[in-house]
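The following pair of complexes shares a single chain, chain A, combined with chain B in the former and chain C in the latter.
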Partner chain A sequence: MAERKIPEVDIIVDEKAGVIKEVGPQRKLRSKKGHERRTNGAIYTVLTVMSIVWLVPFVFLVLQSFRSYKLEKGGMVDYLLPKTFSLDNYAFLFEGSNFFHWCGRAILVGLACAAATVALVCLAGKLFDRQDRGARPARVGILGACLAAGYALLVALTAALQGFAPAERPVAVLVCLMLFLAIGAIIARVYLKQDSKLLRSIPGYVVEDRHEGAKKLAAMFAEFALLAIILQYILIPMTKSQYLLWYTNTLTIALFTAVLQTAIVLSVSYALSRLRFRGRKLIMNAVLVLGLFPGFLTMITLYFLLKQMGLTQSGAVPGLILIYCASSGMGYYISKGFFDTIPKSLDESARIDGATRFQVFMKIIMPLAKPIVIYTILMAFMAPWGDYVFASYVAFGDQQGYNVAVGLYNWVNTNDFQNYFTRFCAGGVLVALPITALFLALQKYYVEGVTGGAVKG
Partner chain B sequence: MVDLDYLKMSRPRKLLHDLAGFFARLPGRLGNGLKGLALAVGRCLKGLGLSIADLFTTFRDGDWKTRLSYLVMGSGSMARGQWGRGLLFFLFQTVFNLYMVNFGMAYLGKLNTLGVVETYKEGRKTVYGDNSFLILLYGVLTLFFIAAFIYTWRVNIRQNKVSQQILASGGKLKGTKDNLQSLVDSQFHKTLLALPTLGVFVFTILPIFFMILVAFTNFDYNHQPPAKLFTWVGFENFRTLLSSGSASYGDTFRQVLFWTLVWAFFATFLNYFLGMFVAIMINKKGIRLKKMWRTILVMTIAIPQFVSLLYVSKMFAADGLINTYLMKWHWIAQPIPFWTDPGWARFTIILINIWIGIPYLMLIATGILMNIPADLYESARIDGANALQMYGKITLPYMLFVTGPYLLTSFTGNINNFNVIFLLSQGKPMGLAGNAGHTDLLITWLYRMTVTDTNYKIAAVIGIMVFVVLAVINLVVYNLIPSVKNEEDFQ
Partner chain C sequence: MASLKLEHVKKVYDKNVVAVHDFNLEIADKEFIVFVGPSGCGKSTTLRMIAGLEDISDGTLTIGDRVVNDVEPKDRDIAMVFQNYALYPHITVYENMAFSLRLRKMDNEEVHRRVCQAAEILGITQYLARKPKNLSGGQRQRVAIGRAIVREPQVFLMDEPLSNLDAKLRNQMRAEIILLRKRIDTTFIYVTHDQTEAMTLGDRIVIMKDGYIQQVGTPQEVFETPKNLFVAGFIGSPQMNFLKAKLVRGAGDYTVELYGIRVPLSAEKCAKLAAKGVGSQDVILGVRPEHTHLAFDDADNTIEGVLRVNEMMGSELHLHVDLADGTSVILRIPTLDLTEERRAGLAYGNRLRFAFPEKVVQLFDPKSEESLLF
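Up next is the complex of A and B:
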């Protein structure tokens, strides 16, 4: 065996910093530095090239979405930059809908109402909070502000209602009210002081110590689901735009799947990780074996089962939610891996204090499991946006039941795809934007889940 | 002395030795696995025997309440004052009986033929006969129901026995309230698992069972219920898929399987090493803007695949941006056949999959690289190791050690990676027998068989074959993993 070459380096122990420094002859150091610089330069080059490759298709996508399908015919052209930038494709997506008329107004009113309510709730919270008994002048001021906010609410409502025909007004009020509830609740949650007495008295708003994370999240999703239902069943039936229909279909599916699937996955993984019972190993092995069967094998049977329940074609939205959630318990690996890392002594001490297993689950484990809860929600929420196979099979040619993936896929794979290509780009951009934003915002949790899952297998 | 000999060997010989050792031990390991299986089966049979024996002894030693429960489920519980539990048992039995009499028996009886009464036309009216599909599906459902009933019946009897013993020893039985209370405490797992298990049963196990049975029938476009009947044909479909000949798909199956494995290999390992490489680059000390690089790469995970992959597939089309620009710049005269030539199509798919797949690996590798103790590198540097040596001796073994299970799941996932193939090439270019294309994976072929060709019988067989392939790979690797652990344990 060849003897190892020992580099000519003096090793000096820097006692203050407690680290070992390598100090070689000056020349060597300089060449080392040069070497370092060259390596870093190479790495920067590679990374830059990669970044360009990674981003270029998306840039192209966005650019082509601005090429008008009316003025510059043809999907496949030999130039990249549109000759004129136009929003025709985006306009097409919303064509035939009075969506903006409705949505715009409703959201405006909702926002105004919400802002007013937030002000009201905040002020009232201050007013009634016993611990914060201010001086009398302050109270009077607050009361005045309350009145002003109420007045603003009233004005906003009447102003908005004037845009609607008399026959539409009851519906408009209803929509506004629901939007107001949903948006107001979301805003309130973000901006209100968490320990406000008034808030605590509202069920679902309990923001006490340990429940906080899970409850907040659950309430958030309940509100978003409310929004989705408003869009799905009140606003959208009034529009004729297919794209909007597909979009809200997908949104509804994604929201409900996110909530239900997370609940299922967490219960299964908690049970398999923390509880010991007969048949636990059996269940895990069975899931392992079942997971080896390809998912599409069972497509016709699932379709038939759903059809028996009337959940295909135009009823595809609830049908797909059912399919996505029913078997989701099998995807417990990652969250089980996470639960496994939480020390058992926590459960035990709580049990000694007389907590039931349910209480341990809700009050001790769930608050600690926030990263994995968010990861599960994120994954469950994103999956339906990309699902083509089941969605197309369950919708089976009925455009009422399409999700965006099916709708847009059909646009680029029909005979007329040259004509629809730029519209596909626009539709794709509108799907990708919110999803990407959500993903990047929650990237931290995604990394945590993915790494944990990979390491523990 | 064996260890010393081993250490003296050169690197390739070491590898050879390891491999030989692995394959030499493989039969033994598989044998052990089979032995384990046999033991498990034996245990099951023994358990079953004991259980049946227990049925007799319970009946012999039981009082009238217990004995009555053999006939009327829950009666024993009710007689002992456990009303809630007794009623539940009784209700289940009633439902089961009603189901069997009104529904189940009829389907169960026809299960052996899958129906004999043909649908025919009487003038302009269609008179429907038996529906083979329904007979098979509800037949399977009924079998499941019967199994569930037997299990519940057994539980009912066991509970009677336990109750009787408790009362005999002077104890007190739990009331309904206590039983409900236990559902959030000692029996909490039942509460948690009840709904998910039901979902998996109805939407996974039942359909899989059904499709496995379909593989043994002639259910296809010529035998579509309700107009036509289908029936059992034994192993004929397996013969069609596996044997070569003009009317069978053997050659296609082998080609598709080969490509599936090649694809899974490249998609897993190419991404693995490239992703690790990128992670090492980004994590290197002195590289700035780490977060930005990561975020840019992660974009391909964030954007739904049907947007990014569909767009990229059009970008590589014959009249897509890449070809048109290359021709405009006169680098090529003809468009490159990215999707129309089998070789090019396969190459392009693997290439684009790198674009999709590297970021996952980069994220995973980043997390793991940070966990490698820094003093390992420190001491290696003092010993004079260069970057490559450190990679080969520290980083790579550590990564492989930690991500072994992930590699397996990733390989499995890639064999079933429907989205990438389907959104990019839809399996094209076509040209294999059985309506398969050159870039078809088993799973996309299965999809086409189901949706386009409605050749359900072959689709079911392909599904079973995918299962077999995956099961073999998993078994082999599971047997391999302990050895990996022992040999690469460097701590």
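Up next is the complex of A and C:
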């Protein structure tokens, strides 16, 4: 190697001087570079082709979802770009819900209310700040003032709602409240910097936000839950298509599964990582072997078991939650590996400091294992969100129990598929939105979680 | 503040590995006890049993007048400082120190008062808002100690708290621990493998080996009257010299013979030996390097050896000397007493003679390794 390098250096010097002494090594050098270029070119070409092959169906789906239903119908077509764009297909999903009619107004009212709340909270926080607490009577007075202001706000809200038809008012109030909470949360979470004075002045807010990711996640889930509630009680009864029902089913299943499964997985991992009990090794090995069997093997058995309990067809939502959560403890490997990297002396120190095992878990391990917690939640949310197989046989034949995947599949699987294909596309785009938002918000932690568990474990 | 009592405490790990055998010790209130011994001697295990982090396999542990064998660590009212500090990395120094107080649902103002007070004692007030990763080793150690102080615990446990620090910082922190101990007068149990720390810090030292207590005593006691060969070799630096010798019982007195010299023993030592009924036998004679002196005038009763290594330590020389039978001996000679000429003579390969006073001699039985003078 050393012998080769020396002539290469020589050549550079010679070229600068305008003299080329040795031709041999130079030719070698060039051909080496050329070889590299050719290889890279080939690799990039293959990658480009592959990404096009990957992306085209998605692009096609998104574009088709915006095709005009009135002019071009809803069937399969052989062109990528629709001739006319419209929101017909999306409108179909929400048909009959008056959604767009009063949504605009509600959003305006909600925004105003949210801004007012944030201001109020900050004002109250300023006065309740730990560092410069006022005297007790003063604090009570301020609290009273805040309550009065809140009441005034409600009155103003009611007044603003006069614009709605009387029958729509309760619904509008609900939506306004939801929006106002959600928007308040988003504003506080997104638009205020971590160390802004405004945030710091909120009572109970820690100066250095040590749960940033967790808070983001919690806010995200709170918003999803709000969405589910809005859908369930306000929009579904008003729509003709079943889409919103399926969407709500999916959301409910995914939310419950995410919470329960995460709780189970993390507790199992913590126990296996920290506690030493008889049979620990045996359990770990047994679970490893059991995990080698595909879950679908149990399909038929599970169906009959669930049927005995009335958890199929119209009871499919709780039934599916049960299925998804039941064996979730078996997925402990990654988080256990991560927990193993957290020094045991932290646990011990906390226990001596007076913490119970549970407090150690919640106050020490959880914040330190943030990436893996978020990874676990994401995984637990995604699996039921996109599941078809289990969802289709548990809800077998009953539209009330469908999730989006099953419902949409049924749309295009009927004889009527010529009319439903673009609607299917629209439904697919909407179902991709929450998961996309989740990933965009949490991708940093997601990557940390994947590599963290793998490398350190 | 409380006294501690360990009675027949035993630790058996899986597969019958015994880490601690029959540990008996009474620790008085406000006493500073140091567990010292080579690694694997069970000192940390004992400490962890006191803390409640390890189960006690057998025997009883009493803190104050309560048997705490089955009491959770959080209910034992103890604080512990770990070797690797074990600071909670995700929260600030302030919150680290306040953690235990908050778990007790203590009033915010009281928490603030205590944390600030502890921070002041340790001089870490300006770091309270930092996270542990932004602190140096010494500062982290202080935080770890601070976290223990704010609790105002009954018993203060320290598990090799200084072994992660560099030499200079270690000396400094050692002095600070002595000062700290004066300020917060409570029961301390301190584990270390460093005999200097043990000697300087402890009211009493517990020397352990292979799970057995070798000797318990004040630093002075274990230094001057080691109970056995192990203690004699472990305490003191450089290590005590051990020489093969013969004990000869005369009429009412004893004499030690080694390397052609005769050392008659004092009446006090003779009385001890006689009380034990020791006859003429082989013994191991122990003499500390600092108790030896060079003999330049070919005096009687001096031992001859060949100088192998001459270590200049500044105020003293460490001379490694090989005796006639190959035994290596270390002499600690103050440089102040030596003339230039004599120092020049202390070169590699030169012969020299040394002696030691009878008063400092230790005698050990070669078979049982116990001291004959204890």
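Please note the rule applied: the second predicted complex is superposed on the first by the 249 of 457 C-alpha atoms of A that agree within 3 Å, B and C clash if a C-alpha of one lies under 4 Å from a C-alpha of the other, contacts with A are read in each partner's own complex, and residues count from 1 in each chain.
Just so we're on the same page, contacts are C-beta pairs under 8 Å (C-beta built on N, C-alpha and C of every residue); 3 or more make two chains touch, one makes a residue touch a chain.
Values in this document were obtained by computation on a predicted structure and should not be read as measured data.
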item	value
First, second, both or neither for A:356, with chain B first and chain C second	both
Which superposed partner A:84 touches (first chain B, second chain C, both, neither)	neither
Partner chain(s) touched by A:45 [first = chain B, second = chain C, both, neither]	neither
Chain B versus chain C as contact partner of A:348, first or second or both or neither	second
Chain B versus chain C as contact partner of A:61, first or second or both or neither	first
Touching both chain B and chain C, residues of chain A	356, 359
Residues of chain C defined as touching chain A within the complex	51-53, 72-74, 78-80, 82-84, 86, 88-92, 99-100, 103-104, 108, 129, 131, 147, 151
Interface residues, chain A side, partner chain C - complex	130, 207-208, 210, 343, 345-346, 348-356, 359, 363-364, 367-368
Chain B contact footprint on chain A (complex, rising order)	4-7, 11, 20, 22, 36, 39-40, 43-44, 46-47, 50-51, 53-55, 57-58, 60-61, 75-78, 80, 264, 267-268, 270-271, 275, 277, 280, 283, 287, 289-290, 292-302, 304-305, 322-323, 325-330, 356-359, 361, 382, 385-386, 388-389, 393, 405, 408-409, 412, 421, 424-425, 428-429, 431-432, 435-436, 439-440, 443, 446-447, 450-451, 453-457
List of chain B residues in touch with chain A within their complex	133, 137, 181, 184-186, 188-189, 191-193, 195-197, 199-200, 202-208, 210-211, 278, 281-282, 284, 286-287, 293, 295-308, 310-312, 314-315, 317, 319-321, 324-325, 327-328, 355, 360, 363-364, 366-368, 378, 381-384, 402-406, 408-409, 412, 416, 418-419, 422-423, 442-443, 446-447, 450-451, 456, 459-460, 463, 466-467, 470-471, 474
